[in-house]
Amino acid sequence: MLGLNSKDTKFLLIVIFLTLATPILLQPFPEGSGMAQFNAGYPDLMQRFAIYGIFAIGFNILFGLTGYLSFGHAAFLGIGSYSVVWMYKLLDYNVIWGLPLAIITSGIFALAIGFISLRRSGIYFSILTLAFAQMSFALAYSVLTPLTNGETGLQVYRSDKQVLLGATEPTSPHFFGIVMRENFWEPSVGNWQFTFNNGYYFCAIIAILAFYLSLRIFRSPFGMMLRAIKSNQQRMNYTGLNSRPYTLAAFVISGMYAGLAGGLLASMDPLAGAERMQWTASGEVVLMTILGGAGTLLGPVLGAGFIKYFENIFSKINDNVLHTWFGFLPDGIEDFMVTIVHPFVGKGWHLTLGLLFMAVVIFLPGGLVELGQRVGRLFRRRDINSADAEAKAAKQRANTPAE
Amino acid sequence: MDAILLQILNGLDKGSAYALIALGLTLIFGTLGVVNFAHGALFMIGAFCAVTMQRILTISQTTIDESRTDFLGNPMKVETPYVENWFGPELGGAIIDWAVPLAILFAIPVMICIGFIMERGLIKHFYKRPHADQILVTFGLAIVLQEVIKYFYGANPIPTPAPAAFTGSFDFGVLLGFDPNAIIYPLWRLVYFVFSLIIIAAVFGFLQFTTFGMVVRAGMADRETVGLLGINIDKRFTIMFGIAAAVAGLAGVMYTPINSPNYHMGMDFLVLSFVVVVVGGMGSLPGAVLAGFLLGILESFASMNEIKSLVPGIDQIIIYLIAIVILLTRPRGLMGRKGVMEE
Amino acid sequence: MGILEVKGVNKRFGGLQALGNVNLSVTENTVHAIIGPNGAGKSTLLNCLVGKLIPDTGSVMFDGQSVLGRKPHEINQMGISRVFQTPEIFGDLTVMENVMIPCFAKRDGSFRLHAFESVPNEKELVEKAEQILIDVNMIDQRNQHAASMSRGDKRRLEMAMCLVQEPRLLLLDEPTAGMARADTNNTIDLLKEIKAKRDITMAIIEHDMHVVFSLAERITVLAQGTPLVEDTPENIKGHPKVQEAYLGQAHG
Amino acid sequence: MSKSNFTRRGLIRTGAASGAALAMPSIFTGAAWSAAHSGYTNAPQGDTVTLGFNVPQSGPYADEGMDELRAFELAVEHLNGEGDGGCLATFSSKVLDGTGILGKKVAYVTGDTQTKSDAARASAKSMIEKDGAIMISGGSSSGVAVAVQGLCQEAGIIFMAGLTHSNDTTGKDKKANGFRHFFNAYMSGAALAPVLDKAYGADRKAYHLTADYTWGWTQQESIQAATEAIGWETVNNVLTPLASTDFSSYIAPVLNSGADVLVLNHYGGNMVNSLTQAVQFGLRDKQVNGKDFQIVVPLYSELMAKGAGANIKGVFGSTNWSWKLQDEGTQAFVRSFGTKYGFPPSNAAQTCYAQTLLYADAAARAGSFNPCAIVEALEGYEFDGLGNGPTLYRAEDHQCFKDVLVMQGKENPDNEYDALEIVEITPRAQVEYAPDHPMFAGGSLGECNPGA
């Protein structure tokens, strides 16, 4: 189906199901319980999961397949966001104008940056991409303020033209009247409450398309060529293939994915901040991809979810919350437990994240996907021979130097 | 003319700081083949060695001064450092004043220990892993280290002044026949510059003239052969990691009076130091030093008003611009070897 | 006129004259061996043929066209394939994929963005790849990871990857280096079989005289960067200059 | 043991009969974040009301964020009738009685802005969407304040800004749902100029180093205008990259430029480093044009003063408030803060404390949590007793007008909290400006947005 073999079709269907059921799956705890803190099924975070998932899927097409480690992909994220907000400012709040533009402009920038950077390989390539992204960030923050609104971030002002804005049109991002920030269904079952948000489903559908596209690329001759480049560039050249156009195509495609993700960020929330282009943001997508499992299809998405979850959920756990959790304990023990946990949550969420990074890299060289596999293998020992593409990719990565 | 001389001086000084950090990074990469994203954190820990030294020297005896009140109206607590109690305010004050230079003695063993622990406990398991894994695990370590420092020392910058003898500036202009105040430069920065040169020279001398250094250099060139000769290269590499950590740490200690240390100063330097190392050429020590000075001087020039008025914002991007130009004209940086980190 | 004409090629590395005035003519549909002691310039010559090195002077013509200044992939597209001393294969890919890539390269040229097609759907290429795997007796290993195979298998795979492109000239750089006797003989048989089945020119650089004399129709002897003699195997065997070159090296 | 509920949904569920079957699908055409039956976003259900405190907990301003958080916690305590009540006793409005707000106990959630617009908005959104916060407060930079203020306007939530000093927050970027208690760059300039005139004379040449982003520019523009008004000449204004940690190449040419005053339009780590390095250059020991060279730092904060250590001695700057003030509001606040935490609060903390009380008071006076009712209650509101003297929340731009403090680095501080001393309390009249002042032009408040 859809040009996929039955195994991939099954895989795709599972991913579609998981994506569509996210608002339910991420609300496992009833409201009012101490664990409700860990629920992640609210629109903003779900949107971020989908958007950063797209970002990481795209990054993986470059890094996972070709092994070229770009440290500047955040630049395309920023360019995508700026494109969309500019369309709001000039035309109207319909995201239909901005999103294609985001993909095109980031594609053009990726073509230019990739054309120059891909003249070098290995860490020299990484530093070139980093340099371009950092320049974009520094300029966006300062000199280019008329274009980017600098520190504050680009946003729509009442004085903006918005030439297409109709009288009855929503004044926040929408897709032909479907307003992104609105929820179309807020059911509750017992103590569980779920939020079905327009914006999330908009992102989710695009994310599924993006995933499907990446699945096709992985299975295509082009994807095979990219893996061949990662494996042995010398043989590639002596097989009559020039690797540069392939890597450049991969770079542009992944840049367009990043632009799309940036555009979606601005579609959910009409503000484009310059920090989106900083090296830390580029580093974040590298971490997401490797953490989840570079070169695997689902890994980068898992990595993206993992990091965004920590950023948004763990950073909000303060001492007050801790006291609620451990409130059932006698006072002395309660305070003791709070003291123990305190450094790892709230303002210490970075510490937890750092420790988990290290743990994953040390114990799971194939990333989170490998964890899934190990667990899976525990359940079906016999099926070791199953030629699971994911497992292979994860194993390969562990065995061969990536760049 | 004097403005240009001043910026050259400034560039050399900035460059020495870059070179020193890049040197440590290159030592680790060159000897161990490990991309160490925690190097900035080592620099930061070095700086906090100075803070710790200062804290130790100012451990105080608390007395209550009934004649004064604090902000809540309670009798004022007056803190007198024990050092001042023991040696008298004169000498004791002088010792506290010299906390930063004294911290060097404290930092060397601490940093070497940290280096050993890092290498034996973590890095050694990553020699055979892909560079991406090395980056991730050392980056994770860097986050953990800086968060630990933040937990104990807070996020605010902590003032760690240079000894009083080195505050103020030196007037080069008068020496060279310019007007007074034409070319002045802070004494402590001059100290830092000389200190950097000494450390850089020491590292090169060590590698060039000692048997240990010779073996390590041979190991950098061809690890397996040296291993075959029956030399325990691993142990030497551990020591090398300790030395690199110490170099980073000392750079941090001496930098504290210039830049009040805070927990994220390592990350601030991380990207920059990688750019320096790569521009110099992966694994090349002379390249790292050369690139450090080059970037320092060009950065100084770019921040001159005359140049900024021609190209607004040039000082924001100059480092990256130079990196791009150099990498496009010289594929492996200034002095990089072929085949290193190129796959 | 040979399919490959090397004329007056010189190559210096600093003070070292690696190749001095090399002339070489390889006739179409023959197996031509280039032998010589270590440091004779065999590998340098080979690298000049495939575009990895550019000679200082001289010309290299393949089928009437100069290869000089062309990139390795362009030279390959002209019809020259190369087998390396240590097998260069795509270790992360399966055996089948390893063979599919040259199939695509042959059909599509240097670049085509076939990002949304499916590999198994390319029936024609799949058949071609399967056929070559049958030819080299590797069809059972088609889904195996290339990196996990033995050295002999990797060599066979590499040859399959070259042959599937139907090159007009196959360059072999010490194809039996480091092989056990049995493997060497298998390789000789394989090459003989290949030669028997199709019209192909082979240029072999080889140390092992057993291999050379089993396969070669013409032999060029290189010493110190210069061709000493070029002749049939029978004539080379007893040639005094050749013996001098080899023995001289053996003793000195 | 402390126990409280934090999620809106928890409150809804415990309020309503639990165990309801699958609710009917309700397809909204109005905005999200709604509790449909109340008419405004996140209307509190049950017996608590949730406030969101969004402060930097990681990044360079983490300590300042922690101080803000302390003040918030203190304010919540006081509102709920715990502790000594703090400023409730001194506040000119007497509607708050320590029983929460409108009879509802105050609960709160916290988040990390990371001092990045994106992260701050993500954090604020999670408070609104997940936790049902009805007001967001806090923050330590203008970029974040403007970003979150915009979000709150869209969502129909009240934003009570924390530390934000850029003119834009209540100028170009002002929003009907946003309120700023903190002073701004214009006020800093207006307050500093007369003091500088008195201390250094009218015949001065100033050299500006300015952080190259929005706040830096408005700060520089304001102080330049104010000092030129007293007769100073501006020799040069050099923009420095935000990421700079070493300002030596910018400081080196200063002495030779003919300037005799260096104005550092920097904040946070930038300010600590540039000031430290300028002092290291020996600028303050020099004489130019026959006068002692001077350094001015227009915006001070206690934490940055602490970071700069001895370098700050004698340097003039301005703050919104100081714990050294002697009015009874200040004393009440400092006493409860100091008793609870052991050290005096920063002016960022005071602003956050005052903002929380002001919000609670406005809700109490309006008799509703409806954002539009609160906007109405706060607009043009005159009050006193929160530490800043008589204060006005101006209706036109939602900026507070009150006295501004000119501070100077103290020569012999008693301890690390004693780095600054008050030089002058600049009266409110002197720092007032017309709502359409050119430095604040370009934006409009728009309509208050109640959300649903």
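A, B, C and D label the chains in the order they appear, each numbered from 1.
Just so we're on the same page, contacts are C-beta pairs under 8 Å (C-beta built on N, C-alpha and C of every residue); 3 or more make two chains touch, one makes a residue touch a chain.
Remember, predicted model here, so these are calculated numbers, not experimental data.
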Chains touching both chain B and chain D, listed by label: A
From chain B, the most remote chain by mean C-alpha position: C
Between the pairs A-D and A-C, the one where more C-beta pairs touch: A-D
Cα-centroid distance, chain C relative to chain D, in whole angstrom: 74
Between chain B and chain C, centroid-to-centroid distance (C-alpha), Å: 52
Distance from the mean Cα position of chain D to that of chain A, given in whole angstrom: 33
Distance between chain centroids, defined by C-alpha means - chain A, chain C (Å): 46
Residues of chain B whose C-beta touches two or more other chains: 313, 316
Chain C residues counted as touching two or more neighbouring chains: none
Two or more partner chains touched - positions in chain A: 138, 142-143, 350, 400
Every chain pair meeting the contact rule: A-B, A-C, A-D, B-D
Chain D to chain A touching residues, read off their complex: 1-7, 9-14, 18-23, 25-33, 57-58, 62, 65-66, 69, 73, 108-112, 116-119, 121-123, 125-127, 129-130, 141-143, 146-147, 150-151, 154-155, 168, 172-173, 212-215, 239, 241-243, 442-444, 446
Sites on chain A touched by chain C in the complex: 3-5, 213, 216-217, 219-225, 227-228, 230-232, 234-242, 245-246, 249, 253, 387, 392, 396, 399-400
For the chain A and chain D complex, residues of the former touching the latter: 30-33, 36-37, 39, 42-45, 48, 138, 141-143, 145, 150-153, 155, 157-159, 172, 179, 181-191, 193, 195, 197, 265, 269-271, 273, 275-276, 311-312, 315-316, 318, 320-321, 323-324, 327, 331, 334, 346-347, 349-350
Touching residues on chain B, where the partner in the complex is chain A: 35, 122, 125, 129-133, 135-137, 139-144, 146-148, 151, 271, 274-275, 278-279, 282, 312-313, 316-317, 320-321, 323-324, 327-328, 331-333, 336, 341-343
Chain B-touching residues of chain D, taken from the complex the two chains share: 58-64, 66, 212, 236, 238-241, 243, 245-246, 248-250, 252-253, 255-256, 269, 272-273, 276-277, 279-282, 285-286, 288, 303-304, 306-311, 323-324, 334-335, 338-339, 344, 414-415, 417
